[in-house]
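The structures come next, written out as structure tokens.
In the two assemblies presented below, subunit A is common to both, partnered first by subunit B and then by subunit C.
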Partner chain A sequence: MSSLNASLATALTGLIAEQGAMQVTTNNVANVNTPGYSREDPVLVTSDPVAIGPLTFGTGVTLQSVESIRDPLLESQIQQQTQSQGQFSTLASALQQTQANFISSTSDIGTAISNFFDSINQLSSDPPNLSLRQGVLTAADDLATSFNTAANNLSQQQTSLDSSVVQTVTQINQLTQQIANLNQQVSNLQNVGESAGSFVDQRQQAIDQLSGLVDVSVISANNSLTLTTANGVPLVTGQQSFQLQTQITPAGLHDVYSQGNNVTSQITSGQLGGTLQARDQEIPAIQGQLDTLAAGVANAVNTVQAGGFDLNGDAGTNLFNPPPAGVTGAAASLSVAITDPSLIAASSDGSAGSNGNAEAMYDLNNQAIVAGQTPTDYYSGIVFDVGNDTANASAEQTASSSILQQLNDQLASVSGVSLDEEAANMVRYQDAYQASAQVITTINDMMYTVINMDTLTV
Partner chain B sequence: MRIDPNPYPDLLAEVAQTQQQVNTDEQEIASGLSVNEPSDNPGAAALLVENAGQTSEADQFERSIGSIQGEIQSADSTLDSVTTALQQAISLGTEGANGTENAADRAAIVVQIQGIQSQLLNLANLTYQGNYVFAGTATQAAAYVLDPSSPSGVTYQGNTGVNRVRVGSQITLQTNLPGSQLFSASGGNVFQSIQDLITSLQGGNTASIGTAVTEVGDASSYLSEQSVFYGNALDQLTSQQTYLASDTTELAQQETTIGGADLPNVISNLTTSQTSLQATLEAIAQTESTNLFQYLK
Partner chain C sequence: MTHTESNLTSISVSAKAAPAADESGVGIFALLEELESSLAGSYKALLKLDLAGIEQGTSEQASLIGKFDAIRKASGNTALRFPAHADELCAEIRRSRTRILQATRLQAALLARAQLKLRVLANMLAEPSADYGPLLAQRVRGRRG
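Then we have the complex of A and B:
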């Protein structure tokens, strides 16, 4: 047989459950603008009923758990897209800086090449003219300077990207350590059956941040997470993080190591992947092209120069200091070998008025002297490559940003806190709480009635 | 269906994107170029490099033509003067061949022709900007010097070298003829013919004088034939100048076509972008934080 005390206890569960639900709503409202916060839902379940005789009575409500509302599939997609976004954002930014060396100007390499050959053509109209000869030396010096400037800018950019590699590895290590710690906290709570929602949120946000820095693969098992790079380089296993290290190479750049292994080439995505791609692939490729161009022009000019005669009738000597063997570093080191304008070998027959060799030198402008192309064609190819790579990286960045935005919208539609929803819930919980309280008041009245039955006068 | 309760990130992303478009449009309008950096249009940027190279080359060819034109004109007019002097020598020689002239008359003619000989030497040693024009490529020394031991009275110091200057991507122009080809060629030796005329006048043999006059005439004819070279060269230069002027214009048009901003279109885009930006900002301003909490009492 039921009792008023049982009813009171049942009503009390209502009060406690609604208070708990109200606490969840309060927490949701408080975190409405917290990045990475997933809204929580109180899970109310009916308390186990009791059978009294032939009758079964409910015993109220229990706040069984507080659940974070999340979508693991979307979270995984966001991680992947964040990696792409981090990679292409870094790459596009680096290439934007790189292409500044190839914007048309009065001192860009293309203009310097034209000016150099133009000065030779001008000299051929009056070969003994010392002013025109000086003009050739000045144009040659300008050409060397434009190569030096571009090569040095690229080197500086590479050094700057290298610093970024070291900084990013430090950030990665901080995040993996943080994720390992959060793994432990999540695991501790989940092992005792408690909700770890806020720690899971923090961990998820740290993973998202990590995804922006490096390619991350997440494996979830036994209340814990294991993180590796896409190529299997371990980052976090449960409560242990595996720190990445950097070591300087003979070239003066830093490679990334994991547990003694060089994993630089295995990092393909995220900010670190983009930085490494720019540092180790894009910029060296452009430097290589510039070296080929500088060496091609310098060697061809020197060869023609050696076949002619200077103003004194002597055999021509190098106009440019010979580029290094293998051409690496040719653009950075290109320099003019002579300062005396009379040493320009314009003559083809040894007489001062001959311009045959100057014409031969000028004709190099339209000869395939650089990897099977004319200097201008080869340079325009570099401009195309740099522009194309930059445009592609920017387009990829825009696309990944757009997809990431859509995914974040989708996730927010699942996990985001809606104030309307929370207000409605608040009203519901308040109403239920008031009702339970009213029930208690009524039971109290009933008890009063029972207790004072003997004093009541009919 | 539950919707994203926070519209601000999307709206702000839209603002950033539209602002970027506004900046791009404004930059295009300010520079007048649609390709301000290679990534704007890599193919066009590469073509612009080629175009700049061709334009620079065409400009240089025009400058080179300007430089060599003066020298060729100077050589051409000098050869005219040589021809005139030779005609004058022929007239004097013809006069000296006249049987009515006495020795004193012929001596006076000889003096005049020696003056012409001296004038011819000066003309053959024409300099242009410090270079001896008729010395082949040995332009730093006089083409001819007096040499009493030589039958012609002079010695050619130059060489037989010629220069060619590129005045078009496919055109090179020979800019000189050596004096040995103009004044002392075997087919018409100017100095030898004048020296022979003087010698014959001094000898007084009218038949020899007549022969010498013919020799001068032959030398003059030969020189006239040779000097056509300079006239042709000047014509070629003028023609090439005309071509280069139109080529430069064509290249400038190509540059505009490849990399110039389509201003009406860009301005229209800018207006659209600005309107879109204003509308987005307005939308953000009007996205009041209306929610159920405000209605609960």
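Then we have the complex of A and C:
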């Protein structure tokens, strides 16, 4: 038969276990508003029984472990949507800034093109009129300026995005270092069978932050995590982090390197992916279209100009300085070649009153002189593309935000602290603690009876 | 009464005052309102991955597109006709069109994510199981036999 001492020890295990459980609940309540905290549950198990003769007696309860309540699938989905949100919020923001160059105004390229051809149309009604000729030169200068301004704005935006690349890489390196350190702490605790809940929470938060910056793939093995980008660029392996570097290219922009390899094109998501997409794809595409438009208009006008005669009866010279071969940089460098209004070749036969060449120049407005389209249609296409890309990026961002909100709500219902539930647990543990204490009091009385048995008998 | 409801009231007054032949714009506006409402329903269904709701939304939207086409054909594929002095209606149609374009883009983005999620779930359910081994062995035996 079990002794009173054994019963006392058994009751004591109850006190200790319930006290531990109460500690877990207290910690849950304390962290009710802590971001990234996952609710913990005490795992109580029966202690190993002892056999005394033919009978087996229980020996109480043990607080075996404290488990964090997590849902790895939800966490993985949250990481994925965080990456998308990071990518598209950066891209949408960059494109909105780009779009500002194409908003209809008195000085946008579309208006400048219309004004230029309108000024030529006016000149054709009175070709010798110097005031109208000056109007054409002013409109040509405005057109060149509008191209220059848009191209410079895009270039500045690209430089600004390039600075973001360097800053984001620094942030990524800080986070991967932090995750590697946390991996070590988690591993140390889990290897000796202890709960690493708070470190796992911190690591999960760091991974979520990292997901906002770059595409992250998480592989879990042996109490540790390995992080790579979606394309396999290593970021963290166990306790070691792999720092990304940036190196400046001949074009003056920074590429991203990992262990000596250029991985810029392999980064597709997160804030860094969005920044690189805007810097290396979206803006260069728009710059290319603007260059094509500027070169198309300048070359066509110069060709018509060369086929006519100026006010002095001489053959026409270039109205715009010829764009560079291969058109790259045409928008940024577009400029008017003449300052003397009499040099505009409005005449088709050399006489001052002829307007044949001015009309031919005006007709360019309705001719397919830019990549098979009229200048206005081509410009409208650019505006449409920018607007469409911006709207798509915004829709993608909204979709990611909506899903992320929903996933976070779901995770909160799994891992979040419910004060009602914790209050109920507290009462439960308190009752069990009181019952164990009562058992100890009873055993104490029984022991008193046993100790004083001789006295009582007397 | 909401802003949209008040607009609808003023539209119906204009419509009554106008000849029937000039009302294709009013008809289109009513359909646009239905389409917006259907897209809002699809948005909720897509977030919940409510397959029945997604299917219902798709079928509603397909039916509405059919009605759009019918109105276009009836008006001889020409520009929409509006009752006289219906500037407010035109402006509301333009706003509605913008909202629908945004909702459609959002729906496309959500559909892509739903497809991805369902693919992941399908892959998880089809994890490598013991069934593959015996099946493969049977096949190999069959070829040898």
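Just so it is clear, the second predicted complex is superposed on the first by the 456 of 458 C-alpha atoms of A that agree within 3 Å, B and C clash if a C-alpha of one lies under 4 Å from a C-alpha of the other, contacts with A are read in each partner's own complex, and residues count from 1 in each chain.
Keep in mind that, in the parts below, a residue touches a chain if its C-beta (ideal position, glycine included) is under 8 Å from a C-beta of that chain, and two chains touch if they have at least 3 such contacts.
Note that the structure is predicted; figures quoted are calculated from it, not measured.
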First (subunit B), second (subunit C), both or neither touched by A:A399: second
Which holds for A:V166: it touches subunit B only (first), subunit C only (second), both, or neither? neither
Considering only touches as defined above, state whether A:I219 meets subunit B (first), subunit C (second), both or neither. neither
Is A:A391 touching anything from subunit B or subunit C once the two structures are fitted on A? First, second, both or neither. both
Could you say whether A:I248 touches subunit B, subunit C, both of them, or neither, answering first, second, both or neither? neither
By residue count, is subunit A touched more by subunit B or by subunit C? B
One more residue to check, A:Q77. First (subunit B), second (subunit C), both or neither? second
Need the overlap of the two footprints on subunit A, from subunit B and from subunit C, as residue ranges. 391, 394
Which of the residues in subunit B come into contact with subunit A in the complex? 1-6, 9-10, 13, 36-43, 45-50, 52-53, 56-57, 59-61, 63-64, 67-68, 129-132, 135-140, 159, 161, 163-166, 169, 172, 175, 289, 291-293, 296
Across the complex, what residues on subunit C touch subunit A? 43, 47, 101-102, 105-106, 108-110, 113, 117
In the complex, subunit A touches subunit C at residues 77, 81, 84, 391-392, 394-396, 398-400, 402-403, 406
Touching residues (chain side subunit A, partner subunit B) in the complex: 95-96, 99-100, 102-104, 110-111, 113-115, 117-118, 121-122, 124-129, 347, 349, 351-356, 359, 362-363, 365-366, 376-377, 379-381, 383-388, 390-391, 394, 401, 405, 408-410, 412-414, 416-421, 423-424, 426-427
